[in-house]
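Let me begin by handing over the structure; questions about it come next.
Chain lettering (A, B, C and D) follows the sequence in which the chains are written, and residue indices restart at 1 in each chain.
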């Protein structure tokens, strides 16, 4: 497939938006290869994702953003983002001690499944350095204590900026990230929580699930916001358990859920299929 | 919600179709309340479902079909269907001896969940007459033998025509329907097959699943075509089983699948969300 | 199958219990047709369900309880229940205005799927009287207000006692039942809650799920205890949703979950497959 | 947990087997930590898995097999296997070009999740040598042509014997293994087939699923027998697809299924939870 532009937008719903946007692309000889739209009739918001080939497109790539902003975004009060298929986003992975999500991410990366760069792994523990080395990814250790947390996160932020990181994946990173990091990466930090949110927010959800005697456990990937485990949900999945399962069994069954649910979220993020709005996500098909 | 028109179409994909169709509705003051489209890039076919309110629409309801055919369908070689929200389709149910699907359909109908009329139930056995009576639906018995099959189906066809039936639901009807019936209702006979097609085509699929030792069983709703259990699939679902399940357990677990999978298919058909193309279905969201 | 006895028990785990119980049955010429046991190694509790044919059994049916209590229950500090396959439990259904669970229960009952008697339906609203009449089940209306609640429940209790009711199914009964009813039927009132507990306890869970932006919704059947929606969970199931689903869509998708999850719980209860212990359930296979 | 013995057996069902086996262990001061049994009432076969701690067991470990064979196996015509928790099985992995299953197996192995040794990886292509090297596992290349197949498999068999391999995992190994290999490892070669068997046996199942227009795809792990894709099924799982999914989308969605379903099967095999009987499996809890 040739190079494409991907446009995600939302704005107050009004008649004619869809026709006008598709017309803009068609008239300028862009070949539309993807279109998905959705109207939230409660909030009266129009959401859209459209992708078109740039080979014959009459507007030069570097001017598309400006043209679109001037011609349509103002008129319709649009909030929009424009991406190009030849620009790979740069992703940092944060881990602590558990390796299953990290291996799953790196296996996909190494196999070339994702259009992404992973310039670094950050951890608050040294345990997974050997995994980073197996996959030849630089590993940066930032031990965190109550006292040094603000300072260490500041150093992490500098490193992330240096490395041109666009988004962060918390692959079972067992630290609450603070507001300065969240504000630097709004809706660009993806976490995996090992429960079916909003059930079992916070620490030790498998223990809580065991205590409650649920018959199904889950995992939830979401964007990180200032409120713990309460950000926009991207993806969830579940697995059935029985009274025979111990807490350890839940942990083991949960691992498979966690890594798959996290990787699905990362894939959608990389593919520019997610539009976060208020505290929810629109996931384009 | 006020009265709406629902338009389903497919045609060879070309630039501008979407813009032109949405423009036709918008310009004529139709308020679009639903739009879903999809391009099959393998076959190069454009599929679309669009729904708009008729309250302010400038084209009179009775002329919309004609206008659309003249202005767009010819130009783009479209195959299209137009429905109006105030016209309820008329549905016949065919049953034999098992009641679970029939009860599920009638419970939804009686509760007013579906925009449909059910003028009659047809059966080749008298066993479920009492169910029809509980719900005050006329019950017609057509016993089938090898000798009388063609003749009985002819009488059924006459009855269906008299009653203005638009589509047929085979709710565990244990007879293969013949070509004359299928041709009278192309992609308008919905069957439920008690297996995860294409596994276990034909008779006694639960016995076959038991013999094979599968760990999951399924049910499949599909449009009936001339080839047994091979028509376009509308909906499928599955349930996990274990080595402890007997054939009878499979039958019982399967019943819940069958009725839910069949009812989902019927609902989508009534809502005009299905577009059958070649041997597949496009299911609009 | 000939008449069987079903024995459910739990007691502190000690070596030899299983051997001794199976020996008791075998030696007395009972043919064991089912055995499932489980040891909770955290609480150190032994759970067992065993079923045997009585045809050749040397201990007379009416003396089995006494013998077993004397010979084993004392020795092992067992809590046990004994049921016979020819005694059908009597079940009352409580409903309010929504019919989907009620239809599902009655369809199974009428089709003869369950070894149960349903002598009456109780409601706080007249809306579903017509359903009871379709299935020829006596319908008793007990309108509830804040003022009359205690008195009406007292009358319900008398009616339930008169009718020899063994357990109660709350089929979307939109009233919190009070302690006197719960104490009269401990672990014998089955409720269906329209969320994936413990998420979204209390009223309007579909609205809450919509607000939170979850990607999966669920339903939970559980025994009713004094704490709202916190009793031992019997069965749960889930269905995937998307950002396109409105609250009404959640309600509709949820209905199918609710009725299936409730009916599975009722079936397990009727089959004597559930052993509630503390705030959890052991569900035998 | 201290050292345990695991006994799996099946035999014609007769009264008293369970009592006698548990009695043998209890009387000899073995502490039973697991027991699961099942009677196939169609075939009249008794299946059992029992595990007990050896710390206080009166029969010396090396004599258990002999004692049990003499005292019970003959009497009841039992087929049984005895394993000890301190003996790790040795597993060979066969791969071709796709890495997702291999990474998943090795990530679990390296994280210490499994009680297994992986002394070698065998491949008919050099593509995944780098993965083996990342995880420090010897990689053996055996290119296969029609002409050299028998000879290469003979060399593989010798290598497997040399390395004391107990069972083989075909992790998307794109070669049909021949009878000599199957006979050397009866019910000890685990394959992952990328369809919901028995649907889409053979090559290119995702293409076939796409052509058929199914709404759900699956993956199946099974023991390899002489008949292609027809051996005893160990585990299956499925994922929902839509008309929008291309063959490539099916391949990608399927990869996650394949690796999880394969790893679940391997885990059950390592844990001695599978008893293959005729063409089915009993999977103990």
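One rule holds for everything that comes next: contacts are C-beta pairs under 8 Å (C-beta built on N, C-alpha and C of every residue); 3 or more make two chains touch, one makes a residue touch a chain.
If you're wondering where the values come from, they're calculated on a predicted model, not measured in any experiment.
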| item | value |
| --- | --- |
| Per Cα centroids, the chain farthest from chain A | C |
| Same-site or different-site touching of chain B by its copy chain D, using the half cut | same |
| Contact-richer chain pair (by C-beta pairs counted) among A-C and B-C | A-C |
| Euclidean distance of C-alpha centroids - chain B vs chain C, Å | 36 |
| CA centroid of chain A to CA centroid of chain C, Å | 42 |
| Where chain B touches two or more other chains, by residue | 41, 242, 244, 285 |
| Of all residues in chain C, those that touch chain D in their complex | 15-16, 18-19, 22-23, 26, 31-33, 35, 37, 39, 41, 240, 285 |
| Contact set on chain B toward chain C in their complex | 99-100, 103-104, 107-108, 110-111, 113, 134-135, 242, 244, 252, 256, 260, 263, 285 |
| Parts of chain A lying in touch with chain C, wherever the complex brings them together | 38, 40-42, 196-200, 212-216, 218, 232-238, 242-244, 246, 279-283 |
